[in-house]
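Chains: A, B, C and D, in written order; residue numbering restarts at 1 for each.
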């Protein structure tokens, strides 16, 4: 994939995630005990052999930049190509799906000009999967496609899960006839994965038409050109999760406690890279009792933990009872604490004797650095 | 200097440099044939042993981030500490000297909290020198100073050079009695070098008072507290140049053609690091004639060059006559071109037969990517 | 432009480590995994950077490939800095051919040119097989205060073990007045830790001197130090009082690992102030299954624990199958243990696959059963990259051998390899 | 999780390079500076990454310190990637002691385990002392199309020089039907460039085979290839038509450097499409003084040119004093040449200081004057790190020797070391 570059855009519609995005962008939301959301798409890109990667940053990006650092963990601290941060000067919130505001890209058009690759992958940062893009590129070439959009057939849709999805209406040959923004208009359950591939030259042409027309929404433009452009849909059939609300965030975290999904996501096609941290292994005390849980490193566990995800350096005291919880980095849970259906953000200190219970369909979220 | 961290602030008052800052911040203005302005302060900081460095970025920072990359060239791609980009959410232009808008720092206060060093150096990015900070720290400790400001005694001041300087009025013991913003009020020619050192805890206290008072100008706050705070001035007696206008930019570039200054600046206390570029050595043709010039690598010279600075990959054609010019990276000068007192920004293409002449006191500036 | 270094460190990492048996069959001792996350050399290298030493020469000789690629240029320890750096120093050929390093002192002797280019005042000599956290800058301070020619770091050992060490006798100001290698009747219990700070000009002179002595084994403990004592030089002892362990044998390696599990270990790897750095692999968080039990153990990244783990240390990427019991064991990276098995008091080498129903438990017999399995005083060691689950090959023999003959249990009810027996035991875990 | 590699490269960088004389007195041949910016090994390593090869083993043996620290983990060539990487492979000790690499094939033989862990289909064998730009992926494509057991890269040499090379005779489809090492009466002018692509299983078998032959020198050209030909294996030639030079002698090293100055050099180092990468030092732009003249030369970073430089290659950080003339010379990094001197047809080693008024010009005498100065067919070579300006030491002898006896000029007016003579010449430059 020497001939492919990637642009990672930052999803802006974050209303339903706002309890997790007080001081971070969506791409940097912690997930799966050790990762930020962007780690998944970034690892997919790197493991597919793409070496020129631009990341559009809009606001609240400091923690994201800290997370990505020199790009060393993704082997992107190279002389040739590598990782580029592309500031969007556009602070307006933009609600259309596929979440590609072409103004952000236009604002960095000289980066596109300077790049040498023939193809470009444009992706959001909020889809979790472990995927190799080679078959997608093959498909794109074989179909002589102009734009190929990744999609997944979802048979168990709930409005809650997919309130802001795009659906791809297509013919029997996978050619997209229309991209629709609501389930009601959709003829199938083909959910767009917010990732497409096209030629860099075509993207530059599309940007030209944007300037002329004043329309900067990629989906609108594609819909207006379904006859002149060959737009195809490539089906992904592996595990994928789309994070667009606290509800889906909680649900998909719990989902990876399924060992099959854990294996597919983390030990599947390739490894998922993340920022290196020098923490010791996790210490299980004699008194600990842990079941069906995902535990990162540097934790020290003395109490009971069940169906939960512990990020690094979480300490769980004696006689605790932690059930169906997500506890992010550096959580300090003193003795005799009861927690059920709770999402605890980073650096939270829960004092001895606390009792917190959320609902499974609406977990309690404890903000970063809280003391309770 | 394990116990010192550094904050590099981005000078915002750029009216007189605007012809060079169309699409870059001041910190990234090319200087001396191979560098960006920030390379000097960053190399000083790193060579003094400081490993925790925050850079405040405000606007037009993409090229700066590209320049700094992973921080590898400054040995800052480390696990512990390293290089941090600190976004200022404050886009207002702020005109007071020492150019420290404390709002930018307050906006990143958790970075200050997280850091472990006792002292902090705060510096602008537009002073060119090659300096070790150890003696400054020694002085600061010996004097039991609260805030120590670096200054230089300038005896040949012109209003043009120092229109936006701060001057330090001080007693015989180097204790600062007042920081004044204009030469008229100054009792001496002690120009502030826009660099100070203080304890991190004191900076945090000052930020507290800012919130209370609504005054975010560090100089104002220092002036109001010259009795309670021990503010000292540390004199720097090496070569230093302050870039605040196209005039001073041109003047100081020409100044380093003096071999003594070239040696002091580049082979002095330590090396000045910059982004690595893989260019071949410079090729001098049989027909070339080059005198009193600074030439970067990857150039190919066929014509005459005198009293000029050529950045990397500049090509000078046959029968050219280039005098008193600064030609930035990738300039392509065809045959039979006459250039005198011209500053040529990056990626400019000057066609055969062109004649361009500026005045020594007001050079012509050719914008990036021009074709002439 | 190279500035003078106050002190650089030379880390001896070339020994064969034959007393570690199968653990060092394919890799150098300093590269052996430790503590569920680290490799042994992480401790010395982290100590260096935590003590402010940024220039380290690593002397390699024995099977250095994994060690070399693990260390690289020292990025994992932030030693890849502009000013200093980490340098691998294998033996090399000169105009007239090459010389292998024939002793610890000879290894340094052959790299005099390397050291000279940094023109250091002091040289710190370290071993690559010690587990400890130490601030060498404090030792250097002591060295300077005493104006010593060499300062030797010493630790108090139990009197009854003193005859296994190089023992120092010191006067009241810490000056070493006598040194005895493994004395029968020790006069002191201060043992040398094999950590030295020398004035470089003095060490250089001693090394050159020692080379001309045809009878010398070119060893620091056996030759250089005794000769300095004979020459009435200024030798001082630096008392180290924290946790320190030489992991040169399977037994000491095993117990140093187990020390991490005892609540009171003096080596606090959880301490943030002087972190032990290592190369981090891209493993996910580990998964503890619904039926799993984990008790007094360290679990590394990427493990999948479906069975029961007690008093054990699991390195990254270990799989423990359902209803399998792992007890008092050290499991190296990438090991897979099938279902309903039993592992007790064992060290299982990297990437080895243990088949379902297997019984790996300490034997009380002395014989060496087969080349991939060793018994070190009751600790079973199984080599790297062995696939016992592959029944079609001659590994079957090994499996049978393990199950039926060699690996008898030391547990009270004995180990007859029967599945029922094992089931019963598992229930009473 | 290691994925199978299609091809990995093994770069032979361990030879002593004794025909380069003083140039390789302190460093391995691949680490010798070249072309005002590079070191010789930059070309092979850049070719690798530019050909999409991300896994390279570098075999080192002779004085590898500078080479090792120059290469590091290959960051300068972007070879420090997660998936592959650059690996230094020095000789090492095993349980029963160590073996030095005794030949090119032996060096690969001793690293069979290294290669096997990547399980490659093909192995590319490279030398560390060739100057060229080549896309190995095209050669691999040819190798696959022919289903060859080994493909050897060949280049046409002038017929009169063919007797200095290993010469291939091929049939119409490029199959090698005969191979002769330095033939008296060559039937072909296709010379082996010492670049091979093998099917790995075949190479492995050949290497193992060759080891059991006590008479073999374990060399690719002398043993492995002839034996394959004898065994009727499929050997094919890959015709390379661009610039290529083996810089194994001072003469070829000198002329390869000078080729860069001839306008028509086929090796375009200014070409951006296949860049030659190298470790970049932190030198400032170079300074050309008011009275300086620079003519048909390559000037590296950080030079200060106050005198006159003609047809020369100056590496980074060279100082040429006022009124000094440097002509037809290669000046290594950090050399300082004082004022009013004269240097002609010379190679001056790294960090050497030439005093004021010195005359370093080619001599027509054959004798070896003194250990720090050599005469290779009229090219003067001066060693590294010599301070001729230090008149107090025995270097004075060398200086006098250079000035008065050895270094006679080959210029028409002769060179008698007199200052006036030199002044006159300078003016007619």
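In the analysis below, a residue touches a chain if its C-beta (ideal position, glycine included) is under 8 Å from a C-beta of that chain, and two chains touch if they have at least 3 such contacts.
What you are looking at is a predicted structure, and each value in this text was computed from that prediction instead of being measured.
A count of C-beta contacts for the chain pairs B-C and B-D puts B-D on top. With centres computed as the average of Cα coordinates, no chain lies farther from chain D than A.
Per-chain Cα centroids separate chain A from chain D by 49 Å. Chain A and chain C, compared by their mean Cα positions, are separated by 41 Å. Annotation for chain A: residues 72, 79, 271, 273, 276, 278 touch two or more other chains. With touch defined as above, residues shared between interfaces to two or more other chains in chain D number as follows: 75, 80, 277.
The touching residues of chain B, counted against chain C in their complex, run 2, 46, 74-75, 78-80, 271, 273. On the side of chain C, the complex with chain A involves touching residues 35-37, 75, 269-270, 275-278, 280, 282-302, 304, 306, 309, 313-314. Contact residues of chain A toward chain B in the complex are 61-62, 65-66, 69-72, 77, 79, 82, 84-87, 108, 276, 278.
Of all the residues in chain C, the ones that touch chain D in their complex are 14, 16, 18, 60-65, 68-69, 72-73, 75, 80, 85, 87-95, 97-98, 100, 113-114.
Contact residues on chain C toward chain B in their complex (touch as defined above): 1, 52, 76, 78, 80-83, 277.
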